[in-house]
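The two complexes that follow have chain A in common; it is paired with chain B in the first and with chain C in the second.
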Partner chain A sequence: MEAFIKGIGIVSPQKTFNTHEFLTELKEYNTNSLRCVEPVYTEFLNPVLARRMGRTVKMGIAASSVCLKDSGVEMPDAIITGTALGCHEDTEKFLLAIIDNDEQFLTPTSFMQSTHNTVSSQIALQLKCMNYNFTYVHKGFSFESAVLDGLMTLEDSDAKNVLVGGHDEMTDRHFTITQRAGFWKQENVATMDIVNSKTPGSVSGEGAAFFMLSNEESDKNYAKLRAVKMIFNPGSEDEIENGITDLLYEKGLTTDDIDCVIYGISGDVRFDNSYYDIQKTLFNTNTAAYFKHLSGEYQTSSCFALWEAAMILKTQTIPKSILIGENKKKHIKNVLIYNNYMNTYHTVFLLSQC
Partner chain B sequence: MNKKIYITGIGMISAIGDNVEQTLLAVAKGKSGIGELDNIITRHRNEIPIGEVKHTNEELIKMIGLHVDTIITRTTLLGMLAAKEAMVWAGIKDVNEYRTGIISATSVGGMSMTENYFKDFLDVEKSGGWLKYIETHDCGDSTEVIAKYLGIKDHISTISTACSSSANSIMLGARLIKNNIVDRVVVGGTDSLSKFTINGFMTLMILDKEQCKPFDAERKGLNLGEGAGFIVLESERAAEGKEILCELSGYGNSNDAYHQTASSPTGEGAYLAMQKAFKISGLKPEDIDYINAHGTGTEVNDMSEGTAIERIFGNKVPRISSTKAFTGHTLGACGGIEAVLSVLAIKYNMVYPSLNHINQMSELNFTPTKTLTTDKPINNVLSNSFGFGGNSSALIFSRH
Partner chain C sequence: MEELMDKLKGEIILQLNLEGLKNEDIDSDATLFGEGLGLDSIDALELIVLLEKNYGIKISNPADGKKIFQSIRTMAEFINENKK
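Entry: the complex of A and B
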């Protein structure tokens, strides 16, 4: 199960939207909660619709539109999304209306848009796409589940182009609530200091990224996605290590073949050790990069890492802003992403140059 | 990809019973579980009948044998009971003997707790053990607690495609086995009632103030319900030597792409989903002995689904019924619950009555089966599930 990445659309806290620039102009923040640089939605949605939609729906639709355009695909053979929280803004809106008005005078709009499958179904609705349509909602595995399904769909059906995306939004209320559960840093941190912040909690983030997975070769393809792996709640560091080496073995590779490893380092002193351990035991001499200082931490943040990996392979460059140490390779053939969300959801992606 | 998918275990809990045995008794008596709501305080309590599981959370906790103070949601509790029943049925003692996964589905996850504490969550002056419910809100949380309860960790995921969620989890499970990612997988879904859901459906004005009447000309809407339904899917290798209940022979997923919450008049999504399921199973419409319809009892669904069924089956629609007048519409769980009922239909050569049906719809030619029927072999069952966002799924269960 492998696929080419044929096109990408991504909304993030960086200037990644509707551009082929690779972090040439860095946006630096000093915060504990990163929000997206949002597109002008009226280019993608009719203004009446845009006003009624929640942010994650709009970001998802905008990102998927760019992805479709970028890949030159008009009608995908499947639409598959991953989102941990779905349409949180609409969910909160309806919930508060219920509580504040004691279950009276409610209108259906926010309820209708609160279901987790709103983005995948709105894309289908806009495209009049009646093909396979799926939404995964499993916390730190949401996006990975969608990618796995995308790879399976190319394998077990006659699909040629599968639109796969991840999206999650942060709201002020949800930040307050999850801050109480100890998710985020108490203090503001500058973007480039996150990696060494060594305090509990991470910097929250959000985003939406869509990828056209295809089994058709083309000069324009970004990269080849060769595998995705999920390791749930590993009992030990060995389990992660074996997971990665098994995956490489299956693909006929060794750790030496990996030209760049992208780590999900979030600056959360409680969870970052697994990255440093894996680096030390498996990838001690390999070039290292990271991404969560730019995307922030969220359950589907690996969609930003997948964009980063695809861009590294396509442009054969690793911007300084994402490098840890130095780039030791001129020619980058294989990139591995190792991410974990709150040390429970460990995931690995393997990509190669086309 | 021609691998067979065997069903070796089933489990369910709903308004008509805590397990498969109680469900069968209720079906035999033709007894609906839809009635008054007891466990949720809502101003709509006396306005709408509901298919509620008649146990408090404390009672469910006791039934499972958890500590009384366990921080856990109703969605999870219902799921644990049904998934465990399915595992026991399948005789799985050593989970690690084969690569085992779990795919669950839910529409609201831990909402029934979030809605009680949401204001307190936001009030930083207030504090208490209830803060732990912050982390039970996500849909995936219920799946994980169920997975840990069953000892499953090889593959774990959660699906939310509104009311087609658990039909999709069953379909995904079959594909995971066919793609050699797992050898067996517990699939289905769980959803508890919540004020959020009740009020949402109230605003859509698609709730019947009386017992729902699927496929009746005078139908006024659906009755909400809650519950969980899981089945165990196994590869031929993993199921060797076991009692096979039946096979999952076909599945199809499509999108209606018509409206965020309403189905198209011609049932395009439903039609395509059924067509795909036939293609995978290699069966023809005339092979189907019974259709367990989505049949919610809303004006739009029954018209749209009925039309799609007639497009597939012409004037030879087999026996058909909706079991939602028994259980209520259990949303993210209905595909799982109806999968269990479909398996039982094959096991006992049984067609469930479509309760409350009196008046023939003028737009459709078929009439749903009105009484419990056991006079003919049931070898192939088609089960439909459709949801908000146009998500349409069809499953075909076949005698082994």
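Entry: the complex of A and C
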């Protein structure tokens, strides 16, 4: 199962929206919670519809619109999304209304917009797309499950172009609750200092990214997505190592063939060792990059990493802002992403140059 | 009456999230649905809840809705006539 990445649209805490620039202008923060740089939505959304939409719906639709335009595909053969929290802002709205109004006077809008599949369904409504439409809600595997389904749909059906996306949003209330649970750093951290942070907790993030997966070859394609692998709650580091080496073996590659490894280093001293251990044992001499200092930590953050990997392969550059150490390769043919969410949901993506 | 209509406009803008609109942008006699303010059936449900929540008025006969929600003025008149 392999597919070309034909188009991309991404909304993130960086200036990534509707541009082919690859982190040429870094947006640096000093915070423990990153929020997206949001576009002006009137260009992409009917104002009458937009007023009912929460942030993640708007971000998702804007990102998917750019992806469709970028790929030149007007009608995808499937729309598949992954989200852990869904439309959290709207969920909070109607739950608060239930409490505040003593279970009376409930209005329909927030409830309608709060379902996890709102983004994929709104995209379908806007396109009048009656094709396969699915949303995966699997915590730290949500986006990966969507990608896997996208690859399987391309292989097992007549589908030629599949729109796959991941999205999650952070709200003030959810941040407060999860910070109490120890998810996030108590202190603010500067963007470029996150990699060296030695305190518990990470910097929270959010974002929406859409990819047009296609089985059609083209000079304009970004990269070839060759595999996605999920390892749930591994019992030991060996399990992760074996998972990665098995995947590479299946694709006829060794660790030496990987020109750049993108790690999900989040600055959380409790979990970052898993990345350094893999780097030490498998990829000691390979070029290393990372992404969560730019995207923040969230369950579907690997969608940002996938964008980063595709851009590295397309542009053949690794911006200094994501590089750990030096770039040891001039020609980048294979990129591997290794990410985990809270050391429980471990995921691996393999991409190659077209 | 003018005061009630102005209050109503503010409540509708807030409840329906009519971004970019101010009270003075809404004509008290313009139709709320269709061409005027461009509201739709989901907004109608929101307005029914607004009347019940903010003014304690229940619309017992749904057929009356068309007349009540014709404009800000007809809504205000209905509130004045039925407010408890």
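Methods note: the second predicted complex is superposed on the first by the 354 of 354 C-alpha atoms of A that agree within 3 Å, B and C clash if a C-alpha of one lies under 4 Å from a C-alpha of the other, contacts with A are read in each partner's own complex, and residues count from 1 in each chain.
We adopt the following convention: a residue touches a chain if its C-beta (ideal position, glycine included) is under 8 Å from a C-beta of that chain, and two chains touch if they have at least 3 such contacts.
All of these numbers come straight from a predicted model, not from anything done at the bench.
Asks: Just to be sure I read the superposition right, which of the two partners does A:S236 touch: chain B = first, chain C = second, or both, or neither?
Replies: neither
Asks: Tell me which of chain B and chain C touches more residues of chain A.
Replies: Chain A has more residues touched by B than by the other partner.
Asks: Per the contact definition in the header, classify A:N196: touching chain B only (first), chain C only (second), both, or neither.
Replies: Neither partner.
Asks: State whether A:T107 touches chain B only (first), chain C only (second), both chains, or neither.
Replies: In the superposition, A:T107 touches chain B and chain C alike.
Asks: First (chain B), second (chain C), both or neither: which does A:A124 touch?
Replies: It touches chain B, and chain C stays clear.
Asks: Identify the partner contact of A:T115: answer first if only chain B is touched, second if only chain C is, both if each is, neither if none is.
Replies: First partner only.
Asks: Scan A:T285 for contacts with chain B and chain C and give back first, second, both or neither.
Replies: Touch status of A:T285: no partner.
Asks: According to the stated criteria, A:T24 is in contact with first (chain B), second (chain C), both, or neither; which is it?
Replies: Neither partner.
Asks: What is the shared patch of chain A, the residues that chain B and chain C both contact?
Replies: 104, 106-108, 112
Asks: Using the touch rule from the top, collect the residues of chain C that touch chain A in their complex.
Replies: Touching chain A: residues 15-20, 38, 40, 42, 45-46, 49, 52-53 of chain C.
Asks: Could you pull out which chain A residues touch chain B in their complex?
Replies: The contact residues of chain A facing chain B are 1, 79, 84-86, 91, 94-96, 98-99, 102-104, 106-108, 111-118, 120-122, 124-125, 127-139, 141-142, 145, 148-149, 152, 155-156, 173, 176-178, 180-181, 230, 232-233, 299.
Asks: Going by the contact rule at the top, pick out the chain A residues touching chain C in the complex.
Replies: These residues of chain A touch chain C: 47-48, 50-52, 101, 104-109, 112.
Asks: For the complex, give me every residue of chain B touching chain A.
Replies: Answer in residue numbers: 1, 42-44, 106-107, 109, 114-115, 118-119, 121-122, 124, 131, 134-135, 138-141, 143-144, 147, 153, 155-162, 168, 172, 175-176, 178-179, 181, 195-196, 199-200, 202-204, 253-261, 268-269, 272, 387-391.
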